[in-house]
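Okay, got some structures for you below.
Here chain A shows up in two complexes: once beside chain B, once beside chain C.
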Partner chain A sequence: MSGGRPVGPARDVPRARVRAQADLRALAQAGAYLLPSLVVFCVFVFYPLVRNLELSLYETTPFGGLGLFTGAGNYAQLLGSPAFLNSLRVTFLFALYTVPAGIALGLPLALLANRRIRGIVVYRTAYSFTIAVSIAAAALIWHWLLDPNVGILDYLLTLVHLPKVGWLTDPRWALPAVAATTVWKDLGFNVVVLLAALQGVPDELVEAARIDGAGQWGVFRSVVVPAISPALFFVGVVSTIGVVQSFGQIHILTQGGPLDSTNVIVYSIYRNAFFNFRFGLAAAQAMILFVLVLVLTGLQFAVFERWVTYQ
Partner chain B sequence: MRARVTRRELLKRAGAVAGGAVAAGLAPARVRAQAATRIVFWHSMGGNLGETVVRAFVNRFNASRSDIRVEAQYQGSYDDAINKLRASIQSSAVPAIAQVYDIGTRFMIDSKGVVPVQEFIDRDKFDLGVLEPNILAYYRVGGRLYSMPFNTSTAILYYNKDMFKKAGLNPEQPPRTFEEIEEYATRLTQSGVTRSGIALAIYGWFFEQLLARQGALYANHGNGRDAPATAVVFHEEEAGVRILEWWARMVKAGVATNPGRATAASQRAFAAGQTAMTADSTAVLASLLRGAGGKFAVGTGYFPKPPAAANGGSIVGGASVWILKGRPPAEQQAAWEFAKFITAPAQQAAWYVGTGYFPIRKDAYREPVARETLAKSPQFLTAISELRSSPINRATQGALLGVFPEARQKVEEAIEATVLGRKTPKQALDDAARDINQAIAVYNRTMGVS
Partner chain C sequence: MTRPIAGRLPRAPALRRAAGRAGLDLAMVAIALVVLFPLLFALSTSLKTDVEVNQYPPSLWPHTIDLGNYVAALQQAPLARFLLNSFIQSGAVTLGQLVTASLAAFAFAFIQFPGRQALFFLFLATLMIPGEVTLIPNYLTIKALGWLNTYPALIAPFLATGFGTFLLRQFFLTIPRELADAAVIDGCSRRRFLWTIVIPLARPALATLGIYAFLATWNQYLWPLLVVNSTEMRTVQIGLALLQAQEAVSWGLVMAGVILIVLPTVLLFLLGYRHVVRGLTAGAVKG
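On to the complex of A and B.
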């Protein structure tokens, strides 16, 4: 997270030539270290990205071959399609329902898990175990919980004489229900990252604040939160990117329905590419999503990073 | 999102790698001249039972032949399996034989990557006379059989006989028409026996069946059987609208429940005694009987049909096996031997009693295991009787459509919009038809179909 900063200001300035040589050597060394990951990235990310861009400019055959060149045709079709605009809306809402909730629930759990009490390992495991659950398993568990006939949630509602809710079949509830599944699943990851950050908060800082007369809340707000702000920011960015790419839980719980209320862009890309076999259209959607995530991440850096304190 | 971008590429690559691995595995076999021909069989029979039965078939076949080794590979759902085929069908990285669902038929033919089983049938003088005529009528295209039907089914009505009794309905007389189902569902809910008279999953296949039961066409050009379809027609006549009106009316009145798109949910509701009736494939009969587990008596009945629709009937559902052109002739021949084996009476009977899919051939009912099961559970006869009572015509033969998976999904959206009260039946079907017709146009254009 401190990549942009100058590292170790040089005290004794060597002569320009020696310095240039040293720089070159350092660059070559860095290049050698980076090479493996560069190769992997080029083969699996950048090359496909370029090919995807090409694909998005064609009407493709059902076998994925390039058919008719249509230029921006796919993009025009998408931007004029209410279904795609709905997907955009749903994707934003989905991120809105999941990311803040994931942090809001993850932080208190991480704080609890950071206490020094007997058997804390048990609690830590309990709070973070969803990290070990695959999204498919999580979705299946929630499918049972949310089932209107045999699920526990609706059973509890009937106990208090409330009408049953079709969690996954009512377009008003489906997105919140899928979001709840996602928050639950991602909670483990959030707790682990935030707990690690909390354990890195220097005791001296907390003690110093206490001596200065700060209460629990004051310590938390003025010392702990700034100290873990890089982790909070990291969780925010990573979960946004992750959530926007959600697929498994939607495929298992709602298949994008009812009435497209959970049809996030990624799911709609899947439907278009691997179900409707319109690879060109799906490629164009993927490009739009790519730009979207880029902009979203950029915005997060521009807006939230100023509150982040790097040590 | 990057994963999405690269998925197709990855798939291609994975296909190539898998193909390479298969080829590498085969090379020694070929070197060892006259050793067994190894073939790969892709199937979509998931779940404990499906896999167990398929594995048993393969083991029995391998034990019975020294010249062929079959390796069965589960490929996920029907949709997943056809996707994988699509990515590999024009290469040699294909299995020798693959199971593909009914609605993939047109696409498989158009792919030009298959060897019609008719060629083997003609060469072997294989007697097609033993097959159910309605099944042949579905899978014959232009007078030729392109694939061998393997697991066949129709949609039937399941009902809880105990609930029928409690509501004062005759448990031996299931409802036969739209109106009767509605009446029964109303009676069942109003009598307080259950809160759900019928649970109807939003499944496009039911719409196709209900349309055919009224003798109406799904697509133009004789359901795409006289010439490739260029448009759907289900929205043009009263039949389609009638289905949605009936469906939405029952949900609105609170006598039917909407379990969403997954039939798994309606099956759970039925097995748990939470609904009095449900619609489903006969393929889940064995599992529903096990699910009810003696807690209540399971009744089965025909899918509804208007009394006046003399030319209406059921369409065969399920899947068939296809022999792929990308493999060498020896493997194609081996694949045909395997296809004959799994469609032989003994295997068809075992499959029948294990699942509920009815046999493709009439002589399978003479197998002892079939007779025993029928004596114990006559429900196993419902679907096949329903099919046999169906006249063979363009409507009951079912539509051939290259974009059928997408069309089915669009119809499901239409059902959903109607049931949730967002659109009128007519509007919903018109919207679906417009989207499907656009997809058909793109398909026909890019595939060079005319």
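On to the complex of A and C.
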């Protein structure tokens, strides 16, 4: 109510000032609730982000101090270095081996887990079980399965009269072997997300397609896939970003070898920073990884935008 | 004897469909076994004696159940100490995230303050920053603080969560505003409103965040590898991996260790399946 008689304590105070005071009070109150999170974010997320950028522009001392300012020197060195280009190539191949296979295996399992039969919850639990397994545990199990002396995989090969394969010591097989471990470990996640999406497909939609004479495959292709495309998109993006950041399975299975055939970006950052003590160079690698992750997200958005149907 | 049962015989297509269903049932069991095979085989091997583990060809079942590997893993490794460290780290991080995320989500959901949008966006932006970019500076910070080989190094960096704040805020927004207004009229302070009304209502969302935080922290690898290098401060994942990296590894011992370190997360997964699923799909559903 403007005009009229002003009531309450605000009698002589201009309205704008009252508002400003209320805003300030709300800000102070909200600030108290936000402070704990903000402190942690400032110290362990925002400050290090800036600091990492700064480090990447310097030649650093072995103790992480700033030495000579080199500007884009570290970046130029990386982009001209065969080792770094190799780590980019390996990371790309690793994603190529892992992400499509993960979706190709996850989708049929999710479809089966979406059947309406008795005891289905047992299957759902089994198919998504690897969520509960850490990457270290997964890598240790597979290290043993892939062992040329006591591993079951090479034993199966000898059963069908094939020569044994040094899965983790042969440069041709090491990356596929690490990828297989990763696909197994991530399978549970893919099943859970895709199953949740399948459960959201309306029955009426499927029924309508059936009545229109669509077979199983027709329903799947023209009804189910479009309906769950946001989840397929989500799994694709999240797996790619996750795979590009892989470290634990590489550290346990191959240490980047043999012959750098599994030396993905994160592993090479780790080597450069904590073995060669070249923090500046490693920081520049991390910045490139950061940009790569952002670009990947953007690229997948652009590609999927064409056929992803949002409800 | 022949009785006229033709009328009750299922027609061919129905028969085919039933056979198809049975085949599918069978396939589902087989697939479950294949997916779980690495874990089941690890469990079986952890119960074998050393002699049997190294036997060729490998045996599927242990001839005699032997718990020696578990005893050795807990004592020699010493996995018992690693388990304690991981429980302390994961417990503290989970508790810390529940508190900081509840407080922040409360401010975003219930207080109208200038800059709310921008600050919320800042919280979400933390989700876009991969850990590798902050890894080196954070390591240098921890080192400068003299925190290497301590619990604070394992806990402090993870005491806030953009994801958790987002998750809880979404839930808090479903609490009717009238409830908040009524509480204010009744002279209830904001703090009391949070603790006596919002938090109890938000128990499902808090459980989701808690389980998610515990799983993620328990399974951490790179960060604990960097900030801890003394045996007594190691977490389970690193402790076990380094055990395997030693020469003359006993696979039976390592598999016993694997079973021990996945046991807590498997239990959480089985008991809180609904929450695990909700945590993982929050991004997919909410977009």
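Basically, the second predicted complex is superposed on the first by the 265 of 311 C-alpha atoms of A that agree within 3 Å, B and C clash if a C-alpha of one lies under 4 Å from a C-alpha of the other, contacts with A are read in each partner's own complex, and residues count from 1 in each chain.
As a convention for this text, a residue touches a chain if its C-beta (ideal position, glycine included) is under 8 Å from a C-beta of that chain, and two chains touch if they have at least 3 such contacts.
Quick caveat, the model's predicted, so the values are computed rather than measured.
Enquirer: After aligning the two structures on chain A, examine chain B and chain C and state clash or fit.
Expert: Partners clash after overlay.
Enquirer: In the superposed model, which partner reaches more residues of chain A, chain B or chain C?
Expert: Comparing touch counts on chain A for chain B and chain C gives C.
Enquirer: For A:142, is the partner it touches chain B (first), chain C (second), both, or none of the two (neither)?
Expert: second
Enquirer: For A:45, select first, second, both or neither according to whether it touches chain B, chain C, the two together, or no partner.
Expert: Once the two structures are laid over each other on A, A:45 reaches both partners.
Enquirer: Based on the superposed arrangement, let me know which partner A:259 touches: chain B (first), chain C (second), both, or neither?
Expert: After superposing on A, A:259 lies in contact with chain B but is clear of chain C.
Enquirer: Is A:26 touching the first partner chain B, the second partner chain C, both, or neither of them?
Expert: After superposing on A, A:26 lies in contact with chain C but is clear of chain B.
Enquirer: Considering only the touch criterion stated at the top, classify A:166 as touching first (chain B), second (chain C), both, or neither.
Expert: After superposing on A, A:166 lies in contact with chain B but is clear of chain C.
Enquirer: Go through the superposed model and pick first if A:222 touches only chain B, second if only chain C, both, or neither.
Expert: neither
Enquirer: Report for A:86: first if it touches chain B alone, second if chain C alone, otherwise both or neither.
Expert: In the superposition, A:86 contacts neither chain B nor chain C.
Enquirer: Using the touch definition from the top, say if A:273 reaches chain B (first), chain C (second), both or neither.
Expert: In the superposed model, A:273 contacts both chain B and chain C.
Enquirer: Let me test your reading of the model: by the given contact rule, A:189 touches which partner, first (chain B), second (chain C), both or neither?
Expert: second
Enquirer: For the superposed three-chain model, which listed region of chain C (135-143, 189-197, 207-215 or 261-269) is the one that clashes with chain B?
Expert: 135-143
Enquirer: Residue overlap on chain A between the chain B contact set and the chain C contact set?
Expert: 44-45, 47-49, 51-52, 55, 64, 147, 149-150, 241, 245, 266, 269-270, 273-274, 279, 283, 286, 289-290, 293
Enquirer: Where on chain B does chain A make contact in their complex?
Expert: Residue list for chain B touching chain A: 1-10, 12, 79, 83, 86-87, 89-90, 107, 111, 196, 199, 202, 257-261, 265, 268-269, 272, 274-275, 402-403, 405-406, 409, 412-413, 416-417, 420, 422, 439, 442-443, 445-447.
Enquirer: Considering the complex alone, what residue numbers of chain C touch chain A?
Expert: 24-25, 27-28, 31-32, 35-36, 38-39, 41-42, 45, 53-54, 56-58, 99-101, 103-104, 106-107, 111-116, 119, 122-123, 126, 128-141, 143, 156-157, 159-162, 165, 190, 215, 218-219, 221-222, 225-226, 237-238, 240-241, 244-245, 251, 254-255, 257-258, 261-262, 265-266, 268-270, 273, 276-277, 280-281, 283-285, 287
Enquirer: Using the touch definition from the top, list the residues of chain A that touch chain B in their complex.
Expert: The contact residues of chain A facing chain B are 44-45, 47-49, 51-52, 55, 59-64, 67-68, 147-150, 166, 168-171, 241, 244-245, 254-255, 257-260, 266, 269-271, 273-279, 283, 286, 289-290, 293.
Enquirer: Please name which positions on chain A make contact with chain C in the complex.
Expert: Per the stated touch rule, the residues are 23, 26-27, 29-30, 33-34, 36-41, 43-45, 47-49, 51-52, 55, 64, 109, 112, 115, 117, 122-145, 147, 149-150, 152, 155, 184, 187, 189, 192-193, 196-197, 200, 230-231, 234-235, 238, 241, 245, 247-248, 251-252, 266, 269-270, 273-274, 279, 282-283, 286-287, 289-290, 293-294, 310.
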